[in-house]
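What follows is a set of structures to go through.
Both complexes shown next keep chain A, but they swap its partner, so chain B is in the first and chain C is in the second.
Then we have the complex of A and B:
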């Protein structure tokens, strides 16, 4: 039995309690509560959760990357790393929503849905049982379908929600199909037992095991935004409220990686497939399509959406060469954490621009450096960090990913080519990041400074400090990712 | 007394704080400015003081010969560590930098009063100091390089501080050209020039650093010394000397040594407080410090039988040549700050000369101590001279010495302090630090026994005479003779000419008094440093100092241990330089203009020197104008044709085409999206099955 004081249970209690209570209180108060009051309650719950995660880590109550557990949830460093990333994103989203949700309907429901979705994300990261994983997955997804369509008078938002929901439903169906196949051939839903079962699988059943892994790649790949399961993503991010786009791009996407790391990598290793090349091909396709499509975009949110597809490709490098290099998964985890902050900050900056100026078109943000200096600075720093410019955090995680790919070259011939593709794509990405920076700082002349929403400023300042500090002194995070990295080879010596 | 590595938590913390505090100040100053612009100065003073006090806390430990080496993992994935190495060398240096910077910051509160960009000024000043202390305390080359570049960046920002390029902030005389090159520079041009010229050295240094890293696999000074197999391997490939000479290239750039010396003059466009900081505490001293840091390491390799003499020969000759080259130019320049700038370059040349000679002699510690001691004494008197010159500029409103004159009655304090510090620069016998440190250099050169010792010794003495001459000339032009027209005009307009405010004269007063005060006990001070370094070199680097008990009997008892030839040369050089200066500029018995024009040889020499030996013009022709021509030719005949029409358009079209294709798939129709999803699933299963 999992202990009642373990991290996932406490987070479930805090966020679930507040999340369910918020709409009830709102009705009890006859919907008189302000956006700020709901937001602050949400924030308190989120801060309490992240505080508890850090407290547990500080006291060494957390196991180091226990991939297998007899329970449905494991209280390990791997889950904690994702939990931290996701809670940071949820906090960004909530803070960003303070100004964005002003004068919009149903704030209590909005914040409640964010909390429920956050629980889902966190539990996906901690889940060690396929059924638990699926339940958490749905708990994460369903609130986001509603959130994407939250602007119910806005047809684009509605269309985005419908497309997202269609794909989400399909992906869920595929995942559950994969789970049923896995259960059918191994007789268990515990991830550890499934993998043990895969290792001793009868030769006739191997194709079914393969099919199950393929299903998982497709199902989780949908959330990760891997090409070719990415088609819904730009439409959904563009149509969703930008704060929710931040939640999707920086948060739920990471849950896909958490699930993929627990299930796909382990399962595929157990089946001793040549799956690495498949992930490698998908990685290159994903980053190339994402970056090339981003270049011509005129809409900031859509550009960032494509950029986040590109980043999924970088992260996948670490997964694909996981068996050949010790720092591959470590680099992925590091980049996941970094990307949560960088992309979260970028989308919140866009949310700030939308709130203050009601524009997302790239031609309309001329002179933003003068109009909203702090938002613009935050956006610039996060874009540079995304591009991997030193000394910002993105540089180190990209360096680790590319270095691991070159490392893997001693085992597989295509390893270094992943690094080449990654570097070329990073260069390509600077083309459109640089374009945004140019519009903000080098064009437009007459703009006057306008008032920037305070909540946005808070997020920007936090992210700038985070990105620069980690960029200058990445050591603590690198050590943490090392602690959180599951040892693949060790896992298979029973 | 043994050198041992004691690193109590508290002491190690001080070593970190020395360089972290100024950076913290730089970060919070803009925030403080939002609340109160006036308190930014106080914040700067406070943090500079705390940093200096942290350095002082370590001072007793330096005297006992202890050292702290504290490391943290920086990026363990690629094996990098960050650390501080506080040994006698770096602790003494950190104290010099810390306290002089503190005084300069105090001075700046008066000098920069009322400047509307004061926040930017404080930010960069603190950044500057922090970067310098980072260089001083780093325990490895890479971290040192971060500080190195920080110093470069801050110097760029501060030299070009008055970026509106008003005429009064230029240097040089408007309209004057040499070989068709304008000798009149704006602050922004000068900032850029300093940045690019020092960058040439930095690139060399980077190459040297990574060359060593490729063999040694570490950047750490301690680690490099602990296992010298890398040096043997490098030496076998013939790469060791090139690598360390490349590192020295960085020092040439930063310390403005020949041939990268020309940026130093134009650096005078910055506020005078910045000039003082650059010349006394931070920028140019970084190069000397690097050589002092690397010198014993390389010498220890040499002692182990690896051939490194060329490295020290290059240092000694670069130093000697620069000392003479820049001293001659200081004799003729009409701008007071430029005279001081030339003088700095020349004095740094002395330090390099001493550090180079050290490596060529049996007694490494003699030259090493002499060079380092000269750096300390130079830091004091040069900071004082610059701040005093700044207050002259402040009062007179002109950078030309010909616009001053006769000020000794009007600015008594500045007059007295400038004499005190100026005597230090001249090396006035027995009472100034400058005399003892210069004498130590002469002695070290003379006693080194190297084949180059004699020519270098002659250059050193000649330069000393020139130094005494140009310092006397400066004092004569500024404080003696009749008041210039400029001053008469100012007085007639109702400006009362008087000493600068207290916040300004106290800092340079302190340093001027110290120049004399320490000078009186200068010989025993040098003896103390000598003893300390003897032990430090022995314990940390295994450099033994053979004890030579040759008592050189002097006629005066308290001078026993001095080299009579060095002292004699010192005295003669001072007497000749001061005497000539007195004849021309204080007594004004001979008119220098008439004297120069009396003879074609003097006239030509004067012209060559005044035109900066044509070096600046040649650098502009060779490295600015010629490359511009080449660039234009390449642009016209290669870029426009091959790249623009061929590659550029082609690449752009292909990316555009790719983007179109990808966007074309994004139809917005959900059915087609779902189709792709299904096809993708099929694709994944297929490649898994293969």
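Then we have the complex of A and C:
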């Protein structure tokens, strides 16, 4: 039995309690509460949760790496890393919403849905049973369908929500079909037992095992934005409120990777098939398509959406070479944590621009460096970090990923080529990030400084400090990711 | 006994194929929603059939969870479609093309 004081249970209690109570309180108060009051309650719940995760880590109550217990949830470092990333993103989204949601309808429902979706993401990362994984996956997805379409009077928001809903529902359906196959051939829904079942699989059942793993890749790949399954992603991120785009890009996408790491990587290792090359090809396709499409975008949110597809490709490098290099998965985890902050900050900066100026077109943000200096600075630092410019945090995680790809070259011939593709794509991404920076600082002349939303400034300052500090002194985070990295090589040796 | 199981699996695979076909060919959102539901029900049929033939009966529990979750998902989906209908007076995919590029 899992203890009642373990991290996922406490997070579930805190966030779930507040998330359910918020709309009820709002009705009891006859909807007189302000955006700020609901937002502060939400923030307290999120800070309490992240505090509890850190407290458990500090007291060493957390098992290292990823464990496969008989319970439906495991209190391990792997889950804690994802929980920290997702709670930081949820905090960004909530703080950004203080100014963005001003004068918009139903703030209590909005914050409550953010909390419910955050529980889903955190539980996906901690789940060790496929039933729990699926329930958490849906708890994460269903609130975000509503949040994407939250601007009921805005046709773009609506269209984005419907497209996102159809693809998301199909992804869930495919995941549950894959789970049903895995259950059928191994006789269990516990992830650890499923993997052990895969290892001793009867020879004529192996094709069904492959089909199940393929369905997991497709289903989780929809949320991760891997390339054959990415069509919905730019539409959803562009049409959604930008604060919610931050939650999607930096939060739900990472939950997809959490599930993929626990299920696909381990499951495919157990099947001992040549899945690595397939994932490597998907990684190269994903980063290339994402970055090339991003160059052609005229809309800031859409460009960031394509760049987010590109980053899914970088993270996938670590997954594809996981059996050949010890730092592959570690690099992926590090980049996941960094990407959550970088992309979250970039989208919150877009939310600030939308709140103050109501524009997202790249031509219309000329001279932003003079109009909104702090937001512009935050956007610049996060874009440079996304491109992997030293000494920012994105540089170290990309370095680790590419180094692991080269390291894998001793075993597989295509390992170094992944690193080559990654470096070329990073250079390419610097082109369009540089274009935005040029528009903001070197074009337009007559702009006057306008009042920036204070909540946005808070997020910007925090994320600038985070990115620069980790960039200058990455050692503690690298140690933490090492602590959280699941030991995959052990399972690979036959 | 295993012949019976293979019958269930064949029906389930057929349902999966019908669902994927419907989703890729139909252009009406309600029909597409039905197609997704057919895929989910194919998986439910699989789960219940496997649970019947396995010593571990967790599959039936999972099917119950999945039915409840699918209901919640459909409720949200239909709400989104109704809001879209009020705005566009239509629920055809072809009319939803302001987001592209």
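Just so it is clear, the second predicted complex is superposed on the first by the 489 of 494 C-alpha atoms of A that agree within 3 Å, B and C clash if a C-alpha of one lies under 4 Å from a C-alpha of the other, contacts with A are read in each partner's own complex, and residues count from 1 in each chain.
One rule holds in what follows: a contact is a pair of C-beta atoms (placed from the backbone, for glycine too) under 8 Å apart; a residue touches a chain by one contact, two chains touch by 3 or more.
Since the structure is predicted, the reported quantities are computational estimates derived from the model, not experimental observations.
> Check whether A:278 is in contact with chain B, with chain C, with both or with neither, and answer first, second, both or neither.
In the superposition, A:278 touches chain B alone.
> Quick check for you: in the superposed arrangement, does A:362 touch first (chain B), second (chain C), both or neither?
It touches nothing on chain B or chain C.
> Of the two partner chains, chain B (first) and chain C (second), which one does A:158 touch, if any: first, second, both, or neither?
second
> Contacts for A:330 in the overlay, against chain B (first) and chain C (second): which applies, first, second, both or neither?
After superposing on A, A:330 lies in contact with chain B but is clear of chain C.
> A:234 contacts which: chain B (first), chain C (second), both, neither?
In the superposition, A:234 contacts both chain B and chain C.
> For A:179, using the defined touch cut-off, is the partner it touches chain B, chain C, both, or neither? Pick first, second, both or neither.
second
> Just to be sure I read the superposition right, which of the two partners does A:304 touch: chain B = first, chain C = second, or both, or neither?
A:304 sits against neither chain B nor chain C.
> On the A-aligned overlay, A:74 touches which partner chain: chain B = first, chain C = second, or both, or neither?
A:74 contacts neither chain B nor chain C.
> Examine A:119 and indicate which partner it touches, taking first as chain B and second as chain C; both and neither are also allowed.
Neither partner.
> Which chain A residues lie in the overlap of the chain B contact set and the chain C contact set?
Residues 162-163, 166, 170, 174, 234-235, 296 of chain A touch both chain B and chain C.
> Would you tell me which residues of chain A are touching chain C in their complex?
Counting only chain A, the residues touching chain C are 130-131, 134-135, 138, 142, 145-146, 149, 152, 155-156, 158-163, 165-166, 169-170, 172-174, 176-177, 179-181, 183-184, 187-189, 234-235, 238-239, 296-299, 302.
> If you look only at chain C, which of its residues touch chain A in the complex?
9, 12, 16, 19, 23, 29, 32-33, 36, 39-40, 42-44, 46-47, 50, 54-56, 58-59, 61-62, 65-66, 69, 72-73, 76-77, 79-81, 83-84, 87-88, 96, 98-101
> Please output the residues of chain A touching chain B within their complex, sorted ascending.
Against chain B, chain A makes touches at 162-163, 166-167, 170, 174, 207, 210-211, 213-215, 217-218, 221-222, 227-229, 231-232, 234-235, 273-275, 277-278, 281-282, 289, 292-293, 295-296, 327, 330, 396, 399-400, 403, 428, 473-475, 478-479.
> Taking the complex as given, what residues does chain B use to touch chain A?
Interface residues on chain B, with respect to chain A: 72-78, 82, 655-656, 658-660, 662-663, 665-666, 668, 670, 672-674, 676-677, 679-681, 683-685, 687-690.
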